[in-house]
Each structure stands twice: as structure tokens, then as C-alpha cells.
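Letters are used for the chains, namely A, B, C, D, E and F, taken in the order the chains are written, and counting of residues starts over at 1 for each.
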Amino acid sequence: MPKKYISSLKTGEVVEDVFLVLKKEVKETREKKPYLNLQLADKTGSLEARKWDAAPHLCNSFHKDAFIKIKGVVETFNNTLQIRVNEISPVAEECVQMSDFVPSTEKDVSAMMSELRQIIKTIRDPYLSKLLDAFFTEESFCKVFSTAPAATQYHHAYLGGLLEHILSVARLAVSFSNLYPMIKRDLLLTGVILHDIGKTRELSYERSFHYTDEGQLTGHLISGVLMIYEKAQKIDGFPSDLLNVLFHLILSHHGEYEWGSPVKPGTPEAIALHHLDNLDAKVYAATKAITEHKDTSSSWTDYVKMFERRLYKK
Amino acid sequence: MPKKYISSLKTGEVVEDVFLVLKKEVKETREKKPYLNLQLADKTGSLEARKWDAAPHLCNSFHKDAFIKIKGVVETFNNTLQIRVNEISPVAEECVQMSDFVPSTEKDVSAMMSELRQIIKTIRDPYLSKLLDAFFTEESFCKVFSTAPAATQYHHAYLGGLLEHILSVARLAVSFSNLYPMIKRDLLLTGVILHDIGKTRELSYERSFHYTDEGQLTGHLISGVLMIYEKAQKIDGFPSDLLNVLFHLILSHHGEYEWGSPVKPGTPEAIALHHLDNLDAKVYAATKAITEHKDTSSSWTDYVKMFERRLYKK
Amino acid sequence: MPKKYISSLKTGEVVEDVFLVLKKEVKETREKKPYLNLQLADKTGSLEARKWDAAPHLCNSFHKDAFIKIKGVVETFNNTLQIRVNEISPVAEECVQMSDFVPSTEKDVSAMMSELRQIIKTIRDPYLSKLLDAFFTEESFCKVFSTAPAATQYHHAYLGGLLEHILSVARLAVSFSNLYPMIKRDLLLTGVILHDIGKTRELSYERSFHYTDEGQLTGHLISGVLMIYEKAQKIDGFPSDLLNVLFHLILSHHGEYEWGSPVKPGTPEAIALHHLDNLDAKVYAATKAITEHKDTSSSWTDYVKMFERRLYKK
Amino acid sequence: MPKKYISSLKTGEVVEDVFLVLKKEVKETREKKPYLNLQLADKTGSLEARKWDAAPHLCNSFHKDAFIKIKGVVETFNNTLQIRVNEISPVAEECVQMSDFVPSTEKDVSAMMSELRQIIKTIRDPYLSKLLDAFFTEESFCKVFSTAPAATQYHHAYLGGLLEHILSVARLAVSFSNLYPMIKRDLLLTGVILHDIGKTRELSYERSFHYTDEGQLTGHLISGVLMIYEKAQKIDGFPSDLLNVLFHLILSHHGEYEWGSPVKPGTPEAIALHHLDNLDAKVYAATKAITEHKDTSSSWTDYVKMFERRLYKK
Amino acid sequence: MPKKYISSLKTGEVVEDVFLVLKKEVKETREKKPYLNLQLADKTGSLEARKWDAAPHLCNSFHKDAFIKIKGVVETFNNTLQIRVNEISPVAEECVQMSDFVPSTEKDVSAMMSELRQIIKTIRDPYLSKLLDAFFTEESFCKVFSTAPAATQYHHAYLGGLLEHILSVARLAVSFSNLYPMIKRDLLLTGVILHDIGKTRELSYERSFHYTDEGQLTGHLISGVLMIYEKAQKIDGFPSDLLNVLFHLILSHHGEYEWGSPVKPGTPEAIALHHLDNLDAKVYAATKAITEHKDTSSSWTDYVKMFERRLYKK
Amino acid sequence: MPKKYISSLKTGEVVEDVFLVLKKEVKETREKKPYLNLQLADKTGSLEARKWDAAPHLCNSFHKDAFIKIKGVVETFNNTLQIRVNEISPVAEECVQMSDFVPSTEKDVSAMMSELRQIIKTIRDPYLSKLLDAFFTEESFCKVFSTAPAATQYHHAYLGGLLEHILSVARLAVSFSNLYPMIKRDLLLTGVILHDIGKTRELSYERSFHYTDEGQLTGHLISGVLMIYEKAQKIDGFPSDLLNVLFHLILSHHGEYEWGSPVKPGTPEAIALHHLDNLDAKVYAATKAITEHKDTSSSWTDYVKMFERRLYKK
């Protein structure tokens, strides 16, 4: 039986499927009987579930962040769907397809990687070209790079989101370079492609997305610089000026001190990178906020922190 | 004899040409004889000039902002060129080619207008299309629009600069719309083309660029809205929703309250317009600051206020 | 039987009256029986109410924002009044006196309008006088103007609040003009009277107060300017300077960019308008926060966001 | 011969009068002869003056901030008046009428003091009334209070300026209290009258205005509080609550931390005081900037720091 | 039986002890029987408690902030300890040891006072020495000073916290003065010791910590200045310069206007005091946030407002 | 003849010595004869100098930033010393003692290095100890480290200033660690000693102090991290956690984003380092501003940007 995804469940439907446990609470009825209040998730969303008469050994048989198989029925309660659970059994992590449970890009990852490699091939500066090759011929890097999310929230917060975002900015940068001939195309494109690689170290994305210790201690800008430094050290004669200018693109791409850049953009390419990155992230986030806002009674989304206002949906 | 431009003068050269008087001071030598200290300009730059033994009637024969014909010799004084003037005669404004004296775009204005009209033709929404036609079939508007500068300083501060900037953003917006299909292309392009039209009323650009009274009292965002309002009133059935959304693009395109927008961008198109406009203006300004910085002994420009830092020239 | 208002209900009292439904939740007892949890309101306040044993058809017989007639008893539960409801029946909107349900000014609206008209009569500038007449002889405008609230919260957030606020500032401005002879009295008074007219379009105030689409897209400053522009177009020879200066008063009256003004006050009258408006709104809001704070055990109100502190009540 | 004031001098006029020396420089002609370059002032303004052939003993016979009598002729040089001095002789401070040299209010000081005392008499609270009497029956205080400027620049920066400003705000506060009956009139008026008394200690205004050491170390808000504390200690039974509330008005009247108030206004009276004070100071400063801007070729003043913009003069 | 402290309770344990009532709610079971939901506290922490079948007279026999003796059993419910209460009896305030219920320093108060007095003895300036003696020989002051908390939250928020903080900064200041000979040691130490004395008036700390009316109206900086002023008035010949400089240290020690200082530090000693005070408070607060964060599954604390980030615990 | 330093010159004195040319201008007398206007410097200060009758070949015989030997006389002109130059001859850089011309620490560099090495020896953590050894046993590093200034202005802006600042903070940190036992002493001291090493790459200090390209592109925080990374890579088993925590100290020591830190301090040691560094730099800068302010007629320095106010000198 193919997995039924949470986003497609309907009231009355019988469920017999595996879910990720996002939250688990043991509560007590007025009659002092324990019951389980769960939040279950898969990659398409999450849902409340309730198991009455939950014996202690059942309650203790699994924990938050584990996978469980349940049998139950979907009910509507106070305008919201929830599952009344009849049976629960733990499921080992090895037996699940992780990609069913963590949100991931809807695009074709290998097609995106191919397109990005095509763009990389157009770079003619020998040192920048070698530097990019050093990354994109390393299998372990490619795997992580094509799997990582771009953020823990706001924009491209799903597996493959980093690649999707980088490719999107890279396409814009190609068009942009054609229209602005004074821009150093090779430098800008290298900056675009590498500007967020520190995120592969900054973000942890097993089951849920959060920051690593390194991420919180030094931030992805500095991690990215260190990753580039390591590769560049191994390229004979990599000009130190070029390396510093590339570091500058990475370090300044947040644009302002208060957004975590230790330097402000000081070259046309750094200025362009900051704005192209911002343009893609902001338009993506706005579109997402509008699409995901389900209340059809209003022409406006709720307040969106990133934009410091509500967005117009019409 | 063809006009000799200031940027091409060399020490020792004899000058017999017309210039705009930017500054005029009557000074006195220790021996109590009056002399004239002038700053002369044409579209390529400005230069100090001095006329010794300046009789009062000569001093009073012209004023600041007038045109004069001079005969004199170019000298080098303390590393700077200046003109030692022998003769001065006033020149009527009708006798000069204004474009010789006010900086203007180096691009072909009618080619730019054609390209912009081509872009306008691709707009399929009937109301937006009619609105743009209402502007771009009005000869007086077209003349002002294709002559105005985009700013008094910083970016595109020369005749035709507004058109150059609008076309540049419009090209970017065309590429951008192709890459981001969720964007309402017609609305974005209309916003791009009209977002700065208030500047045709805000800026005065006879000889030197400054703000009009209207510009300083209400600002070009509101002037733009009023200009659109007037045209839209005459288009039968122009949907009020569409008009408000277009107003929103105009009013919010500075992006933040502190930059003079009374509302923050609240639609994907408004967000995109703000960033595309910013991207073009910032990259243009950075390139200009680098190109115009002549001190070859440093890899860095002077401090540039817009970027809150010095820019790297290599 | 005259309506009993919520603010006057006492424990033990029998209620048989019409209320506005602010919130409606269908909940379930442990025994799986549905019950209704309501929040009922009239112009004097709101109250929780509970209907046990609520059959589905009853639950579906009305919705949020509707009017219902209830029979029930007022009880005290955990120090708070609530109504135990026995019977519910929907009431058509046509059958209710809307003013019983939406908070409105306690002052006499027609007396306030008269006083304002008296002030308008003292304006001697022929154009400003005609402009004000154009508004205040239009019945539909007067109706909306005298009904609108001044805000959705904080100050004068009730029907007639806009008129009350405008009159209050106008009185202050009359006194102020007498004390400061260098002020252009006619201009200041016109600015005071018209500065918030955009709110008649920005705010929707059927049953509850919220912002219209236009309000959120362009803001009331720009709506006000457009309304004045329309009227002024029809007045022969209205001087464009005067119009721009009046626009400036409207646009700058919030005083700072971050409060939504696209220009900062740049004339003595604009500066005075900003401060007079602020003075009235702030003193009103502080008095209201103090009056409405019911906890007598403290000399201080809760934290009031507008003042970024708690207020002293003694 | 009555004193000729600087503001009335005309080119060609013979001068024989006493002036205050604002600046004194000994320079040298190309022929190595010393000459004196002076800036002379009286209460109506200041002017450059030059004395050729200035023997060293003459140069040393007076210093900056001294008074000198000169004989000379007024000349126009490069569009500006200056004095060609022929004779100089020092004048003892005792021999001058100080009020001829320091700018002072054009209003009648004793009439202003009378009006203020009339307002004080209307205060009915016995403690506040006694407190004000303690100040206004003390001759030395009254003298300083009626002589002090309100600031070193910006607003009311002249002898008697403090009194003029206080009276102006007090009149506004009287009107305001009549219109807003919820305001504690006695408290507000006492706050208005005493809010700036610390300036009598903060500012030094012998010849030129500057801050005292105390002013720069603690500020006039704290000085004012200490002055009130001293007086209140001597009033039997002055309620400590009332004293704290009055301190609060003094300390919070700048309105914001960044303007030097250690607390933000937290009572309706404190809020009103802040806004009334601000209203008077801002309208005064704007009017002054417009009146004093002499360049008739522009409708705008220069940039005015206090308003962060240029002001419109029409 | 010695008091059992909340921090040491374990599930299953029988409790028969006195606690402070932090919160008290009367709720109702589905069967309409009232029960009590309490939050009980002593100096080591707080805990939920529940009393079923709570007769109205029992519910009314005590109030929030009172002391009660309970008998009951500790249970674990949903991973949290709570007390199931069987019996409740009110306890008069006179019968409790207040220090059992309000958190207080773990250090030896009289040892700290001794050490501080030793430091005071090293001050050689006769006026500063007399001033400190005036405070520290006054029994009532010493009692309050050694009992007061340093803040209501964040740092040293417990009885004796003020003394602990002052001593800690004083020790640092002694070391610092030894290393920086240009610092006026006596002045700095006096500033350190007196900089927070206004807190003895600003904070109320009976049972729970909150701000007094005086504290909220004028703040502890001004209270401190007034306290010093009173003492200094009684010391013959106290130099007014020295007093102003000392006031300056007190008033400026928050360092910035937005942190409530009406003046910014303007002497080396004021600058040092601000930084030493800050250093002690920040390091203390960080250590406390780390120590008190009990969730061992993360290397990071929760977000800490004071540091605008999470802290690393390893 | 021993060098006469600028700070010791007196009017009338004959000078025959070598100076650094800070500024060089060729001007013209009224009689069209060129003369030289120079600014000459040594490590103790700078002075104007003038050479009349300067033949073109003399003017061209040296340039700005060169060394010249002059013969001349010190004169007083308009209260300021200047040199009337009679003879000029260029001096090769090899022939001068650079330390005579660039300001440098007055302390004993090798004594400071010894003391710092003593402190390093007290570090017991084997990895941090090895890391510090890797730096301080490298001769080239030690030479640069002990020569570099700490800044281009404000604090410790002279040769050896970096070492002096580091030692000063290190001493403070030793005292501090003794008083705060919860601090990880080894980590804090290592952070203190290495926090500014990036400045050895960021600052260029041949003759005058300015930022290098690397300094302006990436900043000294990132340079420091890269320098540590290089050394740590060569230490077997250096724990990556420890390295990240140390990076965190370096990166966060400016304390706030707007001061260029890409992360805010998130450990007690990082918080302490930020405040200790700040304390030393601020107290040093204040003392210097007071010492160097020579105008004895005022108790206050001029406005000091770092402190946003004037400082009190008494």
C-alpha cells in the first residue's frame, strides 16, 4: 500500500501508516487514566493524534523524533483534522525512507546539478575554475551540497533547498552579467556558487533543521571562507589578491553589519552578489508566504516578520 | 572651429570658446585692483579661470549661470590647470547648444526609447497597456521623460539618465520575469517603467540639477501617483484594485520608511521592483565611483557615502 | 424591555437579550458531547458564554460576527463573570440597532459637526474655504466623516472618534494660532481638519475595525491627498503652490519617515500640525489607558506599548 | 552720540563706537608688516574689521572677549561689509552697557514676569503654590531666571530667552488645561514653570553662551531636581508622592532616553509637558530659521539640522 | 523537623511544610466541584500543587502572597513534579523565617561587609572618606544596603545581591587601579561603592522583587544622587567640584542614554566605572544562565535576551 | 649633533636636521615666484615650514613621504611655531633611523615580551599552550607582533602599541580570572593574547599607518582566524570544539554586529574578553585625549568622537 501523505488525508479515512513523532505528551483524563497526545509528521505537514487508554509500557515504547506505525481513523474536531489512534508500533529508522519525512525540493536534483556544472564550465579564469572543480569533483561535498537546506526557516528550508537557491541566483547572475559588461563575470559567478557553502557545515538537517555548534559559534560566512582557504592552498599559484577578493564576496554578502557581515560590500561584484542573493530569497519567501496562507476570507496573509508587514494575496 | 571641451585642455593651449559660469567672485589685489575669479564649466567638467585688471563694467556684464566667450591661455598652477583670461564677452542663451554644457547620456536616446516601446508592446493586460500608451503617446511627456536625469547626484545624474536607468531596470525585469514564472510580468514591467516618473516633476535640470518646490514638498513618489491617477481616470473601467496595486508599487519602491516610502513592499512584484531598482542603481554608482577615481597611487576610492566605505578598484 | 449592556451585568442576573458573536468554538466534553463556547459583545464590552448540550444544528445555525438572542443566567466563575446559556436564536442584522454593538463616541455628533463648521467659517482664504466647503457640503462625505473611528486601536477607536479627534485638535489649533501670530492660521486649520480624511477610506468599521485593501496598499496619507486633489481640480484657479503646501501638511503630519510620512515637516504650519495632532492623540491615549486599567492593587497600569512604559495612575 | 548698531551700518559710513572683540588674529602682509584681522560684535550681529600697520604694542593692548573703541570707515569688499579701522583704544568693562553687546529678548522682561506671577497665583494646590513662591519671592533667583537664555543655540538663545520660552509654554498650558479637563492643571503648570530652571545653573552667559562644568557633568534636568529638592525640604509636610511626581515631570520632559531624559513620561501631565515644550521650541526655531535666512533667490532655507531638512519660506 | 526545600523534593515523598503562595486559582471539575490550583514557592524554587474537593471556606481562607502549611504527596505528572495536597492551613507571617522564602545570597553577609569596610578604609581623600563613613556608620543604611537585591531579574536578583555585586566590582576596581596609575583611585572606588545605592529605594523586596513608585518615577540614578547630596550637605567644605564629578559617575554609569543615563561618561573614572560594572554584571548573568539551564540534551541555553543570543554551555 | 625633536623646538632656534615630509605644496607669491609650503614631521609631532624663492629643480628634488635635511630658523607666526627654511637636501631612507620618525611605545619592548611569555607559561591546557608556542617561538611573528600598532588612530596607534595593549589586557585578565573562578582561565588568556593578531596583517605601518588591501577586504578578525587555523592544523589532535570556541572568541570580541563582529559573544570567556578589551582601550583613549589637549583655558577637551562628548580634564 503506498504511503498516504498527511496533506491528502480526509475526515473518515482509515489510516495505517508510518509517521515521525514531532511531539509526545502523556496526559491524564479526569478519571486518572493516561492518554497520549501526539503530533505526527511527514514531509507534507503535521497533524494532532490522540490515543486513549494508553498503557504505560506503550507510552514508553517510543520517544519524540522516533518513527511509529499507527492504525486509526481521521476525524474532524472543532474544524481541524486529527487522528484517533487505535494501535501504535515502533518502527526502526532503517526501515523508513527518510525522504518521506523530511521536506525536500520538488525539483530534480541531478538536473539542477547538471545545470550548475554547465554554468561552472563557462568560467574561464583558471584559478577560479580549478577552485570550483576542487569542490564539485569531490563526491562527499556534492552529496552534502545537493542535500542541504538553504535555511532553517523563511526560504528554501528543505532538503535540496541550498542547491535550488544557488542555481536560481546563478541563472540570474548569468543574465545580469550579460546586461552589465563592466562586471567581472567569472568572479561574480564563483561568488554566487560558493557564497553559502558554509551552510553545509552550519546546518544540521537530520529529521529537523537546526544549527550546529560550529554554526552558532562562528557562522556560515567564516566556515565558507575556511573551506575555500583549504581548497585554494592546494592550487599552485592561486593569487592571494584573488583569494582575498573572493573571501570579500563571501564575507560581505549579507550586506550589512547587523545582518552578520563583518565587512560591507566593497566591489561591484560584491554589491551585485548581495542584491541578487537578496532578490531571490525575498521573492521566494514572499511567494511562499502567500501560497501557504490558507485563510481564504482575507486578501492578506498574516504578518510576515521578514517583510515587517502583511502581504497582499490577490 | 569646433568647441574644445574642458576635459581635453592642456597646459599652454590657447582657448577661444564659450563656457557656462558656475561661480563668479570679484576679488581685489593687494594694490586694490579688482580681478575676477571664475569657475567655468561645460558638460565634460569645470575649471578655475582668472582675469586680472577687471574693470567694474566688465565684472557687471555677466552673472553666475550665464554663458561667456573667453580668450585666454591654459596654465598649470600648483599641479592644477587654470585659464588666464584675456578677453570676456557675454553670449546669449539662444546662441548656445545647451547639450554642450549640461552632462548627458552617452547612449542613443531614440534607440533607448524604441527599445522601451518594444518592451511596452509585450504587455498584454489591456488596462496597463492603455495606461502606458497614455503616457508614451504624449509627446510632451516623452520629451521630458527622455531628457530628465535620474537623480541630482549618485546615479544617472545627467540628461537622459532617467531613461537610461528605466531601460536598464526594464531589461533586468524582463530576464527576471522569465526566470520567476510566479511573478505578474505585466504589473512588474508597468511598475518598473513608471516607478520614477514623478522625477520629471521633482527635478529641475536647466543648467544645473536641483529639486523643485513640488519635489521638496511632496516627493517624486506622490507626484508619480498623481500623474498615474490623472491618466487612469480617463481610461474607462480601469479596475480600482489594479490601480491601488500599481500605486503600491510606486509608493513602496524605496523599500523602507527611512528611505521615504510611506508603505513597505507588500506584493512579490513590489518586492522585486524594489530590489531590481536597487541592484541597478547600486552597481551603476559603484562602477562610476571607481571609474571616476583618478588617484592611481591607491587601490581604493575615497570613502563613498552611499556604500559607507571605500571601494576596491583592482 | 430595554437592552441590558454587558458592562452592567451582575452575577445571578437573568439575561434575555441580543449580542454580537465575537468568537464561536464547538468543543466536546469528556463524554463526547458537543458544547458551545462563545464570546459575546455589545458596545460596552465582551463576555464569555457557554451553552452545554449544543446539538449540531444549533451549532451551525449562526456564525462568528452574527447576532444572536440568548436566554441565560450570569454566573461568577473563578472571579470572572460568564453567562450560562439556555436558549439561542439567530437575529437578522436588519433587526438590530448597530450602534448598540459597535462602540461609539459619547459626545453629541451633530453638536460636534456644528462646532467644526463654525471653525471652518472663520477661514478667510477663498481657495481653502471653497475646498473645505466642497467636502463639508457633500452629504455622503459628512456622514462617513462623522461616523469613522480615528484608529483601529490606541486612540479614538470608536464610531465618531475621527470627528472627536479632529475637533479636539482644531480647538487646540485655534488657541495656538492666537498665541503664535506668525502662523498662517487658515492653512494650519485646513490642514488640521483634512489631515486624517484618508482614514474614511483606510478604515473599515462594520462591526469590527480593520484596514481596507486600499488602506494597506497605499495608506491614509496618500488617500487623503487624492481626495483633496479631486476636489481642488474642480475649484477654478486653485493655486498649485497652495495645493502643494497643503499636500505637504497631509503627507508630513506623522512627522518622521519611520512613522510613515514620505516627507518630514518643512513649514511652521506642518511642524505645528504634527505636534498638535500628536499632543491630542498621546494625552487621549494615556488618559484612556489609565481609566481602563481596573486592577486597583497597583498604582501603575500594565506596560503600554505606545509609551514604552507603564503609566502612573495616582 | 547714540551707539550705531552693526545691523544698521552702511558702506561709506564713518564709525566711532565700542564693540566686543569676538576673534583677533595678527597676520602679516607680504611685506612682513603685521596687521590685525578682527571680528567685532554687538547684540545685533558681527562684522570683519581690518587694521593695517598694527604696531605690536597695539596688537597686545587688548584680547579676545574684550571691548574696544574704534574709529574707521565701512567698506564693501567682495559683496560683504567690513570696517577699515584707523584707531583702536581699549575700553574697560565697567564703562559699557553689557546689554548692548549680548543679544537679549525684545519683549518687556518685567511685563513677562508679571504675567507669569499672575499664572502662578491661579495654582490652588497649597504645596505647589508654596514651592513656586519659594522660588519667585527669592530675588536672586528671579534675577537669574529672567536673564538666562533658554539654550546656547537653536531656540531662545538670548538673554531673557528662558523666561520668554517658559511664559510661552505656560500660556499654551493654560489653554490646553481648559480644553482637557482630565489634566491636573496645578501639577502641569508647576512642571511647565520649573522644567528648565536647571538651565540657570547649566548655562553661563557672560558675553557668549556656553555650558558650565556642572552643566556638562550632570545636565540641567538633575540640577533642576536638586534645586526643587532644596526648596521642598523647607516646606512642612510637602508630600513625598507629589515631589516624586514633580521630579518625574522635570526628568522626563525631553521625552526620550536619547534626548537625555533618564525616564520616559509616565503621567498625562508629563506627556503633555513634553509635547507642549517641544511644540513651542520647534515652531519658534522654524520661524527663526526662515526669518534669518536672507538669500532671497531661493524659496528654501539651507539645511536645518533640528528638522533634518530645508524649510519652505513662502 | 527541618524544612524540606522545594529543590530537594522527590516523587513519592510526603510533604508537611510551609510554603509561600505565588499563584492561586479556583477551578471547577467537569462535575462542577471546585478545586484549587496553586503555585507554591520557597527560596529554592516553585512547584505546582493541586487540592481536589476544595470547599469554598478553604478557598477563601488564604490569598496569594500568603504562607500556608500543607500536607501532601509529591507526584510526577507528565514529567514534572507536583504536589497532591491533602490538608491546608494558613500560617501567620510572624511565624515564618522570611529568609526561607525569598532567595538570598549564599555568601556570608557580614564577611562581605567587613571586606567592603576594609576597602573603604584605604580611601585617603578626606571628603570622600567622610562621605562613605556617613553612609556606612548609619545602621539603618547598612541594613538595607546589605539586604537589597541588585536587580529584579538578570543579575544578583536576591537578598544581599546588591552587596555581593558592589563588593565584586570593588575588588575588580582595586586590581584595576593598581594596573592603571593614571586613574584617581579614591574617586573610582567611591563611585563603585555608591553607584547603585539608589536601588535601596528603587526596589521593593518583600517576598517578591518589584519597583517602587519612586523607582518608576525617577529611577535609581537620581535617587542615588539625592542620597549623596543629603549626606554631602552635612560635611563641612565638601568641594562642589568633587560632588559634581561624583554625581557624574553615578549618573553616567549606565553608559548610554538608551540605558537610562542622562549623561554619557566623561572622565576616565566614569568610563572605567561603567565598564567594570558592566563586566561584572554580564559575566555573572552569563554564568547564571548557563548554570540554570537544565536541558542536558543541548549544548546551548535558550535564547537569553540580555545577550541577544543563546549561550554555549560546554 | 643629536637630533632635535619637533616637540622641543623653540622660537629663534637654529635648526639643521632631518625630517619626514608629510605634505608638500608649491605655491606662488603675488610676484609669481614659486615658494614651498611643507609640513615636516618626526615621531614627536609635526610643524609647518616655508622656503621662499624655491627654484623648480629644488621643488622637484623630493616628494611627499621622503626625508629631507633642512637648515633654517624657528619663528613664531600668529602664535604658532614654523620654520623659515634656508637650505634643503634630500636624504636617502637608508641613512635615517626610522624609529626617529614613526611614533613608538615608550615602554621597553623586550621587557613587555618577557612578561607576556611569563603569562603564556602559566597556561596548562596542552593544545592552547602548543598553539601559543607555535606563534611565540616563530621569530618573524614575534618581530611583527612586537612592532605593530594597535590601531591607525584612537588607541595605541604607534609602533609597539599592539604589544602594549595585549599585555595590558592580559594583566587585567589574570587579575580577573583570579576573582572569577568560573572562568576558563586558559581559554580566556589565549583569546586575549591572540584576539588582535590579525592586525599584524591588517595594518601597514611604514612611515604612516593605514589599512592593507587584505585588511579592507576581510578585516583583522578573519585574518586572525586564518592565522590560528594554519597553526592549529599542524598540532596533532587539536580538538575541533576547542578551535571553534577559540575562533568564537576572536570573531566576537568586538561585541556587536555594528562593530564588525559576525557573531555576538556567546560564552562567559567571550563576554569577558569583549569587556576587558573595551575597558583597556577606552580608558587608554580617554587618558590620551585629556593629556594631549593643550588648551589650558578650558576644563574640557574638544568633542571626542569615540565618547560622543567632551571629556573633563580636572
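Quick note on the criterion: contacts are C-beta pairs under 8 Å (C-beta built on N, C-alpha and C of every residue); 3 or more make two chains touch, one makes a residue touch a chain.
Chain by chain, the UniProt names read as follows: A, B, C, D, E, F = Phosphohydrolase.
These numbers were taken from a predicted model, which means no experiment stands behind them.
The chains that touch both chain B (Phosphohydrolase) and chain D (Phosphohydrolase) are C, F. Averaged Cα coordinates give chain B (Phosphohydrolase) a centre that lies 44 Å from the centre of chain F (Phosphohydrolase). Residues of chain A (Phosphohydrolase) found to touch two or more other chains are 30, 213, 216-217, 241, 245, 248, 263, 266, 310, 312, 314.
All chain pairs that count as touching, in label order, are A-B, A-C, A-E, A-F, B-C, B-D, B-F, C-D, C-E, D-E, D-F, E-F. On the side of chain A (Phosphohydrolase), the complex with chain C (Phosphohydrolase) involves touching residues 29-30, 77-79, 299-300, 310, 312, 314.
Those residues of chain D (Phosphohydrolase) lying in contact with chain F (Phosphohydrolase) across their complex are 25-28, 30, 213, 216-217.
By the touch criterion given at the top, residues 213-214, 216-219, 221-222, 225-226, 229, 240-241, 244-245, 247-248, 251, 257-263, 266 of chain F (Phosphohydrolase) touch chain A (Phosphohydrolase) in their complex. For chain E (Phosphohydrolase) in complex with chain F (Phosphohydrolase), the touching residues are 168, 171-172, 175-176, 179-180, 182-183, 241, 245, 248, 263-268, 271-272, 275-276, 278-279, 282-283, 286-287, 290, 307-312, 314.
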